[in-house]
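Lettered A, B, C and D in written order, each chain numbered from 1.
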Amino acid sequence: MKNTFGKSITVTIFGESHGSEIGAVLDGLAPGIKIDEEYIASKLSLRRPRGAISTKRTEADRFRIVSGVFNGRTTGTPVCILIPNEDTKSRDYSATRQLARPGHADYTAYCKYHGYEDYRGGGHFSGRITAALVAAGAIGMSVLEKKGIMIGTHIARCAGIPDRAFRNLQQDIRALSESTFAVLDEEAAIQMRAAMEKAAGDGDSVGGILETAVTGLPAGLGEPWFDSMEGLLSHALFSIPAVKGVEFGDGFALSEMNGSTANDSFAMQDGKIVTTTNHNGGINGGITNGMPVIFRCAVKPTPSIYKEQNTVDFMEGTDQKLVIRGRHDPAIVHRARIVADCITALVLCDLLAQRYGTDYLAETAQDDNRTG
Amino acid sequence: MKNTFGKSITVTIFGESHGSEIGAVLDGLAPGIKIDEEYIASKLSLRRPRGAISTKRTEADRFRIVSGVFNGRTTGTPVCILIPNEDTKSRDYSATRQLARPGHADYTAYCKYHGYEDYRGGGHFSGRITAALVAAGAIGMSVLEKKGIMIGTHIARCAGIPDRAFRNLQQDIRALSESTFAVLDEEAAIQMRAAMEKAAGDGDSVGGILETAVTGLPAGLGEPWFDSMEGLLSHALFSIPAVKGVEFGDGFALSEMNGSTANDSFAMQDGKIVTTTNHNGGINGGITNGMPVIFRCAVKPTPSIYKEQNTVDFMEGTDQKLVIRGRHDPAIVHRARIVADCITALVLCDLLAQRYGTDYLAETAQDDNRTG
Amino acid sequence: MKNTFGKSITVTIFGESHGSEIGAVLDGLAPGIKIDEEYIASKLSLRRPRGAISTKRTEADRFRIVSGVFNGRTTGTPVCILIPNEDTKSRDYSATRQLARPGHADYTAYCKYHGYEDYRGGGHFSGRITAALVAAGAIGMSVLEKKGIMIGTHIARCAGIPDRAFRNLQQDIRALSESTFAVLDEEAAIQMRAAMEKAAGDGDSVGGILETAVTGLPAGLGEPWFDSMEGLLSHALFSIPAVKGVEFGDGFALSEMNGSTANDSFAMQDGKIVTTTNHNGGINGGITNGMPVIFRCAVKPTPSIYKEQNTVDFMEGTDQKLVIRGRHDPAIVHRARIVADCITALVLCDLLAQRYGTDYLAETAQDDNRTG
Amino acid sequence: MKNTFGKSITVTIFGESHGSEIGAVLDGLAPGIKIDEEYIASKLSLRRPRGAISTKRTEADRFRIVSGVFNGRTTGTPVCILIPNEDTKSRDYSATRQLARPGHADYTAYCKYHGYEDYRGGGHFSGRITAALVAAGAIGMSVLEKKGIMIGTHIARCAGIPDRAFRNLQQDIRALSESTFAVLDEEAAIQMRAAMEKAAGDGDSVGGILETAVTGLPAGLGEPWFDSMEGLLSHALFSIPAVKGVEFGDGFALSEMNGSTANDSFAMQDGKIVTTTNHNGGINGGITNGMPVIFRCAVKPTPSIYKEQNTVDFMEGTDQKLVIRGRHDPAIVHRARIVADCITALVLCDLLAQRYGTDYLAETAQDDNRTG
């Protein structure tokens, strides 16, 4: 199951940075789900590099659905989505192929694949593959939205600059869904961009923290032990390249609190059971409690920098100096946020289908076109 | 796979706080592994409550291996370990059964299991179940040790008090393996205990941060995407009750760095490829690079406190006041550290068996007793 | 997943013929299912050896449910069932330990487990383990019955003697459920018993064919490709020791027919879509069509016979003669039939839970005892 | 895991009969395996329809490997293979869309997918999808061959005409690998072709039995219970459309034997342990014993026949007459034999990788091109 994730609804990804196409197979979706290609394209566009704060490699991401959709709706059989790699520069990698870029997977790929790995542009390790995850996950997001489940991620922090906290989740998520730079506070956004541009100018890079909120989830989702909501989400979220930490609710800050502060009191509100605080991020004992699910991913600075670095030639076993060339991002938080949304959507769709059955996520439209 | 984890080597757990036994089935272990019951007992004893900083419930943890071991060695077929629950107080739960203890799973269990859950002492959600994980994981630890892979966890922080950082990993891990209170700095240990005792006296509780180091792992373990080392470990680690965050290497601190700082330079050292820093915690692109694997778990304060709390009667839908009685831990970091070790061991055994085959973890002793 | 089967509802088995206990962990069951221990015991009694046609080893099968059941109902968490081995004769195996019993797993176990296997009484390969499958599967059968899904298996053929075909499935299944020798035609039953007794007298053994019918399954269960109803059921059914063939509907006989005969015509009957024949065993394209699901398992004669046989000492690598002693069955079809029922029930419960959600198999009783 | 099979090496299939492409993702292959596209093409050509005994739809099967192969060798990351559908006739299905073709999946697909299924040419149920399995499995076959593991399938029986039994397995398998009509006895081949042509002339169809032999497998492969060699192979083999029975060794014939006949005696031969007969098909207790693994698949006659048939309009719920038009096979055994080979190869590769590690199937060539 190396490149396949999920149980009832699974996603399988494939491809390399410089291959002809990358793609994903999304299996287990209920039949009858309307596929809105514009919606998918709009999510892909949120991942696309823009301006000085991103790589110069730009991809149209003209995806193609080759199976599992008929007359505009899912058939219930596997949906394969292909995205061509268009803007690949076939430059010569031979000069640096044996030099391990610090913070990258060159050396570990070599250890694992014994030198047979496709090293061009990071190969299968490239962040490019996340486009396939976004295409598949966008379908998941659209399905969840129809169930009233909304997902939104903002850059909570970048280069030491904090965004404002979530306030009105519904409004904030809506705002984020339309924003190409997912920061809630405009002033913070300006400062973060400036920090990214400065890092780019310095030949350096910056990281940040992504914070995701999910509203509308029913209580009772997740398992007490191995398949806790935290365990499943973190498993998937660590697939996002550069994520090195995941925390739920107040996360690491909880470790400094007393129980009397950390505990979220329950209360009745409009006949519904709620918690009056949400330090636990909507999850108790691995299971959703009906409050918004909140988590944060720590994203390390992109390892591709233009400064000279010390490294080794891993084939010759010699110390070397490395200067990386090519097209790279001085930060990826602003592009990774939609990947976080989409991976979250895939995990949640899977859990809902497991709990409520494979047809649960289907639409109930009457005006459909089943008989062709 | 709700209570089963792993692929080549799987662990399945079962049991409730007040049932007759809890247990684990460990399947896929190589045949011929010597089972040292004293070693298992010693790991279980590190989990056992002690003194004023733990619950008054004490369990002898007299485990019993009912299958998969013959003449003192694994047979290669499933190992079932049973641990009786001996010190269960059959007190009356009826007064508070309907009241959701804040921070606990009472309400979410009710949502998920519709009231059929065994609510006595937390039922299947009880930290008691981790004893089964420790028993199974102790076998994993002993197997890894023979391969030169050592795992150790210390309380890096508790109630705001920091332990000293890891220094000489081999020595530190050895020291931790013999310590019932896993703190490297003696002064810090005294202060942490004091903070726990104070919390206990206040009817309150404290949390902390567990930091784990793994040495001796080969490079090349883990997968680029879904089954990254971070993804698999975090998935398992979030099974530890109260863990709300997991970070690798410098984790969240990485998000504040520049790439030029965060990148770990490679260098040759005694003919071996190493990194000169370890901000990435021994993992690049989801795959081990041969450096120590380092991660931290955020442990929230135990939710069972003796102060009056606001909550609801989740069956009646009414606001209520709750005062928890019974026997509880004012902190669990000092007990959870061995759970972190053992869960880590299970994940690593599984990955090694997947990569190198099911016999890889077997011993190669000549003086064995195969012919009975 | 060596000893674990299923996705939404999983069963994990463990134990050896001469260990203290064997058992099963059944995970994923809906909460609130009434557990009728007498019903389980009645199914176990159908597996128990009887008279001259079975081994002299008799086991009371006094099972014990150690988790997952509270106040007589499932909690939704793993159900662990233990069955002690009581009648184990600790005879000396050293004389024959190195001799491969023909038709048995002694030699293959040695190849796989390198001599560490528990060889006493077949160890983990022993048919004894099926008692655990029956205990777990009996819960599955009881759940399905409440959904109107009935499973019954008869000995369609033994030692060349055919039973009559299924006629009225509901009645036949009911009759079989109460019969300790599952043959529909009384005369055939007498002849089969006689053949078994004769084989026993000759120090030999006989095999047979088990035919199973499932009624009441909804249409639409199963998948087009890998998880076809045939694929999943056969996967599980080949777990029954001695099963060497599985066929659905007319199975191998279909291979001799023309399409115009083999095709089952559809027709309307009482407003329902039915097929007028059932050559395909209720399955088209891997998916149930609402007709009874019918399949047959070929059971080879039990390999333990008392005649002298040629074999090898697999440790010394020498040709040898072997005379098997001990207690053995001259046939197992009459004991295996309930194993077929129970394994079928587990597969179907899993598929129903996947399709309709984890709560689907729960009961909807009003008079329950949820609040303790 | 609906369209994904395997654990260490997995295959995921997708596509529909009339979509733009079908395909497979093969994940978990060792890095460094030479990909011989001609070899794959040659296996695909064995599946291609020929002459009067096959459908008139002919596909060039010009596959395209879009990922996981670099410089002619596997990289160790997922291999996605795409095969375009070229010869799809976009005829009008509206006249018969609601009529369930007997023996086909139209009605069960409707029950499962609620009418959203792609019904053109059988959609995802089409035998066309097996081309993707063959392309993926051909890679598996080539890998196994280098390990000395050979797989060959012949039409053991068709329309009542038997082929001769396997004799010299190595020679027979070699002969089959080059034969477009996999029958060992030439006279039988002529008669079978005649029977197929007669069936075609009658607007009818015939079935048959495929017999597969695998040589060179090591002893010790497979598991005692759920993942027995028989269970895993049958699970996969029932994916071949029209397979309704699978038996190992003498299979159903074993059920008529006495134990003294059915047991395969062990003997020493040239210092190796062998069995002197192979009634058990090379498998004891679910585990290979080093003898050839032999099994048979019952293939029902193709359900598409030109005779008028009774059926229903499953949307209207009315009785109807149906005459099928279009291009169909009067038999598929001669095309399915390579599918059986390829599916077997995939299962065996997976089992070998699980047992011996992910690098086991890699080649050890020195003259490779790892450094690009």
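Points worth noting:
Note that a contact is a pair of C-beta atoms (placed from the backbone, for glycine too) under 8 Å apart; a residue touches a chain by one contact, two chains touch by 3 or more.
On a predicted model such as this, the values are computed, not experimentally measured, just so you know.
Common neighbours of chain A and chain B under the contact definition above: C, D.
Relative to chain C, the most remote chain by averaged C-alpha coordinates is A. Looking at C-D and A-D side by side, the one with more C-beta contacts is C-D.
Averaging C-alpha coordinates per chain places the centre of chain A 45 Å away from that of chain C. With centres defined as mean CA coordinates, chain D is found 38 Å away from chain A. Inter-chain centre distance (chain C to chain D, centres taken as mean C-alpha positions): 27 Å. The multi-chain contact residues of chain A, meaning those touching 2 or more other chains, are 1-4, 7, 13, 77, 112, 124, 224, 359. Interface residues of chain B, counted against chain C in their complex, comprise 1-4, 7, 10, 12-16, 19-23, 25, 27-28, 31-32, 64, 66-68, 70, 73-80, 82, 93-94, 97-98, 112-119, 123-124, 315, 359, 362, 368, 370-372.
Of all residues in chain D, only 1-5, 7, 13, 100, 102-105, 107-109, 111-112, 124-125, 129, 157, 159-160, 199, 202, 204-209, 218-228, 230-232, 234-239, 241, 243-252, 254-268, 271, 273, 275-276, 279-281, 283-290, 298-305, 307, 309-312, 314, 317-319 touch chain C in the complex they form. Taken in their complex, chain B has these residues touching chain D: 7-8, 77, 224, 354-360.
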